[in-house]
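Okay, so chain A shows up in both of these, paired with chain B first and chain C after.
Now for the complex of A and B:
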């Protein structure tokens, strides 16, 4: 692995060395390192590009790293990863994709992640996207995530895209059984001419299921963001979606929350706010000795933390 | 030492220039605890903002230790040793109490170091240090965190705009102790805008501003009895709006 690939790996998965536990590292379209463990098995798909990750019931406190790095300009790929998480598991999955493009052709990673989460299992999923390189070719990522939550299960998903991705369309679909809970925290920053679209589609099918979709976004320069969040309450359930965005420079942001109750005991809330950094926040930090620009950086960093 | 020389501040109102501060001159001596008081709407908060650089005077000069700072912006004045506590503290999503104290201190101080400033303002530090400075905190809590940021800076001049507003009675004695300690330890000048008799009572000097002008300025022992003896003192001293 060269230094650029190592840098990407560090950015998207905080990895400085080969991780502990199960992992699959995908580099320029090939699986370049893989490890299965006693409880977590990773196997390649035969008909399409991608892997199946099978986690045995009752697996506790184990982690799976599945980072993807693309450093070859013009590389385009479509990857299917399926996660089968057994009943009563408690696991952490760290995904992430880094694209370094120094050429003139677009580099593109489209990934479809499907999660089948067993009863009473707890999954923590962390996904970071990052782009680098000075090439005129785009750094494009289109992740699709589909989640089926079994009875009493909990999925906490943290999705982060802070820098360098030119174009992204992210779709996340989830259906929840009785007592299941989904918590999604999305943090997004766009700059330059970037475009980012994020669409959530959540079906609260089971009694006492709940979902909380939280997005914090910052759009700078001339970038464009669209956030759509659809929650359908099909049973006695609770759902909350919140989009909080800071707009800067000449950027453009749309927030489109949509909640539908198909059951009288569905309690659904949506909140969306877009605004620039409050002037008094900048003034407060300036009274502490920061310049206007430093103050702005601190406010944005805190907001996206 | 802070000196204001013939400072005026005007704002446009209905096509006219309205004078909020009218040709004010005074000196805040080094190491003194000065309280500015006076009726609401008299220009006290504007004066504090002029000193911190949040507003620029229409005319006149502001000098800090003999140097003209009139043209300096907020950041420059902060770096030269002016701190300013807001009357209504600002909220930040995502920025924690620890972040804010570190920014105030200008260095990455330890958590226990940051906690000391919170303890000084009567907050149980471990409950607050990692909380976000957002709407989940009450007005009184935000106010005390605001004061803690000024304590962390430890500058030569600290300006507090009505620190007692939004603080409950129970915490008030503690607040007075905070100011007494600052007076003892920081060896800088403290300038407080206040209506509270108990704050006026710990002042070295009192400056009364009415309708944009200094109507009296002198040692506490001289000014306070006059204020308490006047009919307007009732309003000034019990904080009645």
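Now for the complex of A and C:
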């Protein structure tokens, strides 16, 4: 693994060395390192590109790292990863994709992740996307995430697009059984001419299921962002979606949440706010000795933390 | 004017007698009474059904009543009313439509209202829709409202669908110049098998323009409601949209607001909440001697007031 690949790995998975536990590292379209454990088995798919991650019921306090790095310009791939998480598990999954493109051709990673979460299981999922390189070729990532939450299960998903991704269409679909809970935190920053679209579709099917979708976004320069979030309350349930966005320079941001109550015991709320950084916040930091630019940076970093 | 027509007039325009000021009363497709005043001229359109209402600049504290009643089953009409409101006016416009249908055929009123509001003018607009009658024929109303707000003008619009309207598609479009302000309060109740769709499209084009769209809705029985609200911030402006809905019985409600900032100085917010009446609210009123049904009624009336 070369220096660039190591840098990408650090950005998307905070990895400085081979991780503990189960892992699969994918580099330029190939599985370059893999480890299964007693409780977590990683197997290549035979028909399509991608892996099955099978986690035995009752597996606790274990983690799976499945980072992807692309450093070869012009590389395009479509990867299918399926996660089978047994009943009563408590596991952490760290995914993420880094693209370094120094060439003129687009590099593109489309990842389709499906999660089948067993009863009373608890999954923490962290996904980071990052792009770098000076090439004119685009760095494109289209993650599709599908989550089926079993009875009483909990999925906490943290999805972050740090910087450098030119174009992304992110779709996340979830269906929740009785007592299941989904918490999604999305943080997105776009700059330059970047485009980002994020769409959530959540079906609260089971009694006492709940979802909380929180998005924080910063759009700079001439970048364009669209946030869509659909929550359907099909049972006694509670759903909340929230989008806070900072607009800067000549950027465009749209927020389009949609809540539908198909059951009289569904309680649904959404909120969204788009605005620029308040002038007094900047002035306050400038009185502490920061330049205007540094003050802005400080506020944006705090907002996305 | 017969008893039913008088009842409709009372419901939609709070009129017990011929109103003061300018008015046009439309009954079963005909202008049955009209009065212009020194400052407010009402003229029939020649090409299509409808009227032009011309209000001279500087007209203050005057009102226009333009109620519509339909009591003949199977009657369908499309009416175009244009309001030309001069600079510096301060006027109240009371519209409204009542349909009484005792027959088997649908009765339908489509009203297209256009407002051209002059500089620094202040317009208060009140529109009530009401249906009655035991016929199997539908009572259908599709109001289309278009508003152009001149510099520094203010439009306060109160739009109410009281009861008895089987099907409605309500669209309201507005564009705002510099310093203009739009405040819309919509109150909607559906019951039985009724369907209601309400769509707002607001363009905040002028610097320091602002819009506040507030919707309160109650859906009972098996009725279906969709609320859509689009606010585009195209300049330094502020926009707020809010939808609060009570769901009862087997009703369905969707809220789909959309805010788009096309300018870094646009500040946009939306909020929506759908839920049923809180149990403790009902119990509180029941301890005061109300039955459960009366308590519900009390809460719904308060919510829609």
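Basically, the second predicted complex is superposed on the first by the 305 of 305 C-alpha atoms of A that agree within 3 Å, B and C clash if a C-alpha of one lies under 4 Å from a C-alpha of the other, contacts with A are read in each partner's own complex, and residues count from 1 in each chain.
We adopt the following convention: a contact is a pair of C-beta atoms (placed from the backbone, for glycine too) under 8 Å apart; a residue touches a chain by one contact, two chains touch by 3 or more.
In this text, all values refer to a predicted model and were calculated from it rather than measured experimentally.
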item: Touched partner set for A:259, first chain B, second chain C, both or neither; value: second
item: Touched partner set for A:206, first chain B, second chain C, both or neither; value: neither
item: Which of chain B and chain C A:292 touches, first, second, both or neither; value: first
item: Chain B versus chain C as contact partner of A:86, first or second or both or neither; value: neither
item: Chain B versus chain C as contact partner of A:284, first or second or both or neither; value: first
item: Chain B versus chain C as contact partner of A:111, first or second or both or neither; value: neither
item: Which partner reaches more residues of chain A (counting touched residues only), chain B or chain C; value: C
item: Partner chain(s) touched by A:179 [first = chain B, second = chain C, both, neither]; value: neither
item: Chain B and chain C footprints on chain A, overlapping residues; value: none
item: Of all residues in chain B, those that touch chain A in their complex; value: 52, 54, 73-75, 78-79, 82-84, 86, 89-90, 92-96, 99-100, 103-104, 106, 149, 153
item: Touching residues on chain A, where the partner in the complex is chain B; value: 216, 244, 278, 280-281, 283-292, 298-299, 301-305
item: Residue ranges of chain C touching chain A (in the complex, touch as defined); value: 233, 245, 247-262, 264-276
